[in-house]
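Each in structure tokens, the structures are laid out below.
There are two complexes below, and they share chain A, which is joined by chain B in the first and by chain C in the second.
And now, the complex of A and B:
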């Protein structure tokens, strides 16, 4: 369950960017910054709460910048995402050395860790107890976001505008909506939640920061997002499956399968899933008439 | 027949001296236009005459460089479409502004969603459709996914959307381009209903038959200027054409051609293909074309015509059947080999496949010559003096308006671009030429010129397959018509023995005739 949370948060982060057709492939990088931010803010202020809050704020600001880059400055979102991934890997290493003089792993007693909470009744149940109870506030938050997202898809104007901005931006603009605002908003959301996903890794599950500690989780989340084509419930399910696969990869005994192969598991599942998707997806299902040419 | 709702009072809308300049191009120059309550006012003109620019200014998408918009006697300024919408102006765009994955209700209410406690109110959204649908006399399920609706219904949805926003002035930009003749008639009934209710309609078109069928008044734009406003009842097509083109001798009727001779140039039998993209797959297509004959292929877009054109020239593979050109089997050959055997092709999308948009006129026009360059491994000059002379000659022969062979194709008008394509393809002296939508986005004068070139080619024995969504084109140029529906040929008629209405019935699949095998 613990490994599910960062994947789920990152996948939920990415979801609106898929709606606006600005799929952010920089989840990995954004998470890494989030993880780093969690540790740095935690060390500075000594409080887990402050660390999480400030990481979100920093994430949101980055989202504004990123959104501005891809809308106003017309940077290709795919390239920007790739750059973000590479940049995050290098920048965190550099900052780790210049700020803390540490190579590899930053571990200090001053790093706060997020408290875990037990749910009174469920805690006692044999299997469900450890599964559902005893998590950090971020895990519970991720579940709340799933519920919120399900509700929002059905009942909010905002999600409709986000989807319209992706599916047919000219239609939204002609109806008086603001396409650019929606696209930036999706990125703000994406970066904020990625920051949370990262913080969950560095100060939720552990109390340290390691270079490249996201270890491909962002890409697994990205695969889940692409696989689910914008559907929240399926996305949640896929995130859990990938989370479990990751957990299996860690816990499986060396004597059963070599650990290297076990670690391939989540990616293998993601790969198979994407192939299945490609085989089953039908194109041209729905379309709007667009007469070609003219003026 | 003009609608009866026109009130002879102060206009609800006036555009006074509108000017709009894009860089070196004056799109609108001192344009005047007025609209009365309950009126259908057609705005006509050739491509590039400034119709769309003018309407975009009215809809707040562009800011005018000069002139004023007056509504109900008061000057107004629209900074964005929302301002125009708030003043009761609605626009049905040529490219529908509908989100394919949304339901009907979601699309209609987009941008002005009914809310309850800040959230989307499903019930109110569904209810909001009732009133406009009643006005138009149509009924749609608000929960239907929009992308599954057919084109004509999507267009009606656009009109519902405009009415939902409370529009009193409705602009329709080339609304019939995507419709069959029957659907066009239905649309006209709808528009007249609206006008009788007191709404005003601006109908942008370049199809005069339609303009006369629906409009009360007709304003003609040419080269960005208002030429004249006619009362539809007191004028005729010839005067409007003269105003549009600046010429009085434009032939809008049938093109004069020589009779086809006996024999078979192109023979197609049992053609089957898979599905590629949005167009239908071909199902046992068989036909033949005689020397000097123009075979028209009519149909609503998406019924396999594009697939047919691309299969004939060899861009798409065929699964079964054969294509024979003068007894040479073409089925297994690639595009270049088919061309060498005497097949020519004018592609549907001029900008993508017809000409090098960023290349020069010389490159565009001499591509056929370059292909046949026989020098070892293509090391010879691409444009030797002979080719350059030839292209200069062609520019004269086809009266292509350009600064010279070195000009960029993208600087030419649609008609002149198409002349480049036609010159290249016809000067190959092909046995058979496939014309896919040859005059789309081409103005009237250039259309006439291109038709005469085709007529000349047929006189020399060239067989022509004319694939067109434009019924007028088929009726003016072809000897025989095939109608395609759902990837099959559903009707075959001699052009002089059929009518627009009859073909229309076949086009929508309402009727099928047994086509001789």
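And now, the complex of A and C:
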């Protein structure tokens, strides 16, 4: 259950960028920055709340920059995303070494951890108790966002505008909407939630930062987004499945399955799912908007 | 190139010669302009980052460059490190050219490295040339098979190759890690490594103490062959057409499926060879972190070179020097060597944003002129 939260948050983050047809493949990098930000801000201000807030703010700001890059400066979003992933890996190591002089893992007693909450009534029930209670605020927030997204997709103009910005920009512009603003907004949302997902990893579940600690979770979330094709419920379901698969990988005994094979599980599921999706969908699978190498 | 021009151009009237040199200079500026712009961005970024650490930028950079290309052994060392990257970048660029975004270079490199390490350790010892050839061939086959499978999925079942190659990275790397830690582990060693390869499966050093091996010649041949295949051969033309517009390619009778699978196969084979070079030219065995992100470097470099083989070679050279210089800088200061990766990321974004940025500046200028006119 614990591993579901970052995947779910990252997947929810990516969803609007899929609506606007600017699928952000840089989830992994954004999460890594979020994890790093959570630890650094937490260490500086000594409070988990401040850490989360500042991480979101930093995420939103990077989202503005990223959105500006891909709309105004017409940087291909796929290239930008890939670069973001690699950049995040390098930049966090760089900052870790130059700010803290640490190589590998930063763990200090000063890093706050997010408090976990127990829900009074449910806590006592055998199966439901550990499942629903005793999580960080971010976990509950992620489920609130799921509910909010379900509602928003059905009833709000905003989501319709976001989708229109991707599917028919001209129509949105004619109807008085601002296509660019919608695209940037989607990226801001994406980065803010990715920052949360990262913070959940670094100060929600643990109280440390390790080089490359997202370890492919962002890509798994990306796979979930691709599967759901814009549908929130399916997205949630896929995130839970991937989260469970990751949890199995950690919990399973080394003597039963070698740990590396168990760790492969989420990626294998995602891979097989991708193939199945391409085989079963009528309009021929999903494509990520890759740039053409024109001469 | 410039030395050849006087021989080739027939001397004409003075006027036209001046004209042609001017237009030549303009076209040269057009070609070099983006390169200069990106390098300038990189330099500014480097200066800022080093300054932020409290060091004098220029002496530090010069010290780094001295470490990278100061004398013959250091040039050899820089080049030796870059050898696998050349091959991998050519491989990735080749696939890009046909519109296949092979993000799985890292996994294919691991697969190739594992294949070469096993071939080197469990077959032989035998005649060096043959053994090396066998290692490279097996790893090319392994990398090629992986990529061909993914290419087939894309071409026939329309499975998005970006995601499938991305996920394949983790699957392959974890599988190799499993092999190196459990069934094929070198019992004499603690960590996850395979048995050392036989001496006959190692390239010999050209310059002692520099790790620059005769693999250099293999790399040169492979780069030249890839350039020819991509830019000059009929197959390469088919692949490029498929990449530019698959509908057009199909309309003029190019077998799009075959182009896609073919280019992915060759791309994977090159990445596999890059992995083999990691083993046979330096490490001598497979270990779980042998790749150190070379596949991702290759992906970035192929992007910034816009998948052109020639500019890919230039960019790999630049990057090798940058990386080596960053290591040198790390030795004389506390600036971490990840500097080079940060720079190359900044350079790519600057390069891709350049066109948009310049048009924005031009727009602003227009607005400014208009407002002044009023």
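Here is the rule we use: the second predicted complex is superposed on the first by the 283 of 295 C-alpha atoms of A that agree within 3 Å, B and C clash if a C-alpha of one lies under 4 Å from a C-alpha of the other, contacts with A are read in each partner's own complex, and residues count from 1 in each chain.
The rule is simple: contacts are C-beta pairs under 8 Å (C-beta built on N, C-alpha and C of every residue); 3 or more make two chains touch, one makes a residue touch a chain.
None of these values were measured; they are calculated from a predicted model.
Peer 1: Taking the superposition as given, does A:177 touch the first partner, chain B, the second, chain C, both, or neither?
Peer 2: Touch partner of A:177: chain B, not chain C.
Peer 1: May I ask you to decide whether A:155 touches chain B, chain C, both, or neither, giving the answer as first, second, both or neither?
Peer 2: It touches chain B, and chain C stays clear.
Peer 1: Considering only touches as defined above, state whether A:252 meets chain B (first), chain C (second), both or neither.
Peer 2: A:252: touches no partner chain.
Peer 1: When both complexes are superposed, which of chain B and chain C contacts more residues belonging to chain A?
Peer 2: Larger number of chain A residues touched: C.
Peer 1: Applying the touch criterion given at the start, work out whether A:164 contacts chain B, chain C, both or neither, answering first, second, both or neither.
Peer 2: first
Peer 1: Taking the stated contact definition, name every residue in chain A that is touched by chain B in one complex and by chain C in the other, in rising order.
Peer 2: Touching chain B and chain C on chain A: residues 284-288, 290, 292-295.
Peer 1: Which residues of chain C touch chain A in the complex?
Peer 2: 53, 96-97, 99, 101, 103, 153, 157-160, 162-164, 166-168, 170-171, 174-175, 177-178, 181-182, 240, 243-245, 293, 296, 299-300, 303, 306-307, 334-336, 338-339, 341-342, 345-346, 348-349, 352-353, 355-357, 360
Peer 1: Could you please specify the touching residues of chain A with respect to chain B in the complex?
Peer 2: The contact residues of chain A facing chain B are 154-157, 160-161, 163-164, 167-168, 170-177, 284-295.
Peer 1: Looking at the complex, which residues from chain A come into contact with chain C?
Peer 2: Touching chain C from chain A are residues 25, 69, 72-76, 78-80, 82-83, 85-87, 89-91, 93-94, 97-98, 101, 216, 219, 222-223, 226, 258, 260-261, 263-264, 267-268, 270-271, 274-275, 278-279, 284-288, 290, 292-295.
Peer 1: Given the complex with chain A, which residues does chain B contribute to the contact?
Peer 2: Those in contact with chain A are residues 47-48, 52, 80-82, 85, 91, 93-102, 106-107, 110-113, 115, 119-120, 145-148, 151, 154, 161, 174, 177-178, 277-278, 301, 348-351, 414, 440-441.
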